[in-house]
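One structure is given below, represented as structure tokens, and several questions about it will come after.
Order as written gives the chain letters A, B, C, D, E and F; numbering starts at 1 within each chain.
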């Protein structure tokens, strides 16, 4: 099972080189929203099997990622300069 | 049943030629939000029948696609140049 | 009961003549998010009575339409030229 | 109980004179998202008591109104000219 | 328990002097979305204990406030002139 | 367990020095949406164990934070000047 990585290396910035990095940052921010609300890592580890095997929880998590990705994509002007 | 396609060919870019391609990209990003949270493909395959036959899960999935499509549409300036 | 119309005539475009057409397109995109996830029409037909008689499912569906309508309204500059 | 009013007088336009009218339009669009999905008025009438007495359904309905109001407020440039 | 205050003094305007006032307006609009759907104050009073003691209902209500606050913040150009 | 901190020091402003401060403000606004709806601190303390040990509640809370963070990021022009 993937360990909960909540710390964001080098301090939080919304500017990323590529859309893929932007998506990974969105995943990290979605997790950060959880780990800042429930700081007890043991509790989080116990909860992981529950949501990671529940389709509705996985869809809800993907929804939070989508909102953060929308923010990050706008911050990076949709990486239009990469084209 | 449709296999979970999570890899996005040629590296992630938000720029697409048409709205239809943009919608397909939104579907792929919604799935990517799930597959990056639950990396075990066997688990995902077992979950598919559950959500694919539950109207509320399908509506929730469509909601995530709508958020990503909003991001992609803005990235492509709503494909106004196609008109 | 209204048949699931998922194909969008003439290829997908976000540009519509009126807000009403824009709303109808938003309905079609909300459905497309479902039919692209569950491609089996027989399954979809069986699911329809369930969500179409459940107030929470209908509200959730209306929510997806609202997100798509927001995208389409921005794409058409809120049909300001129609005023 | 308030009758489901789904038809929007004079054809749909997002431009309104005041924020209050904008809010009423958002309510109508949220209902329209339901009535266009479930066209059977008898069914809708039977469903009303259920959601109108369920706090979570009422909050979910208010959420759909909030998304439409965001669209309508942007369409009217937040009625800044009214100030 | 806090009485449901749904009427907005002096007619609805999205322009406020401070972010705090903007947040209070977002709370009022979130409630207005409920009170305009369920106009029976007696029913609303009976429902209050249910959602006010349910963490998921309180989170869902906070979500509606967040959407309205996003609209109001944009309407006030994020109160940048206040800095 | 982390005490519910709802008061925002020095009056509410959306302008922050860094994305990290912006994220902390988003957390505070998500909580404020709850504490302004349920003002009884004793009730809130009793509710905390319930949502803080429920993955779906934690995901829903993270979703509210994501919406506020989107607002705050736009207010700060995505901290582009920090780059």
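In the analysis below, a contact is a pair of C-beta atoms (placed from the backbone, for glycine too) under 8 Å apart; a residue touches a chain by one contact, two chains touch by 3 or more.
Just so we're clear, the structure is a prediction, and the values are computed from it rather than from any experiment.
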{"item": "Chains touching both chain C and chain E, listed by label", "value": "D"}
{"item": "Relative orientation of copies chain B and chain C, as a Cα rotation angle in degrees, nearest 5", "value": "60"}
{"item": "Residue-number overlap at the chain A/chain B interface, same or different (half cut)", "value": "different"}
{"item": "Intercentroid distance (Cα basis), chain E paired with chain D, Å", "value": "16"}
{"item": "For chain B paired with chain D, centre-to-centre distance based on mean C-alpha positions, whole Å", "value": "28"}
{"item": "Whole-Å separation of chain centres (CA-atom averages), chain A against chain D", "value": "32"}
{"item": "Overlap residues in chain F, where contacts from two or more other chains coincide", "value": "54, 56, 60-61, 63, 67, 70, 74"}
{"item": "Pairwise touch network: line, ring, star, complete, or other", "value": "ring"}
{"item": "Order of the ring members, counted from chain B so that chain C is second", "value": "B, C, D, E, F, A"}
{"item": "Partner chain A, residues of chain B touching it in the complex", "value": "11-15, 29-34, 36-39, 43, 47-48, 50-51, 54, 56-57, 60-61, 63-64, 67-68, 70-71, 74-75"}
{"item": "Partner chain F, residues of chain E touching it in the complex", "value": "1-2, 18-20, 23-24, 27, 52-56, 58-63, 65-67, 69-70, 73-74, 78-80, 82-83"}
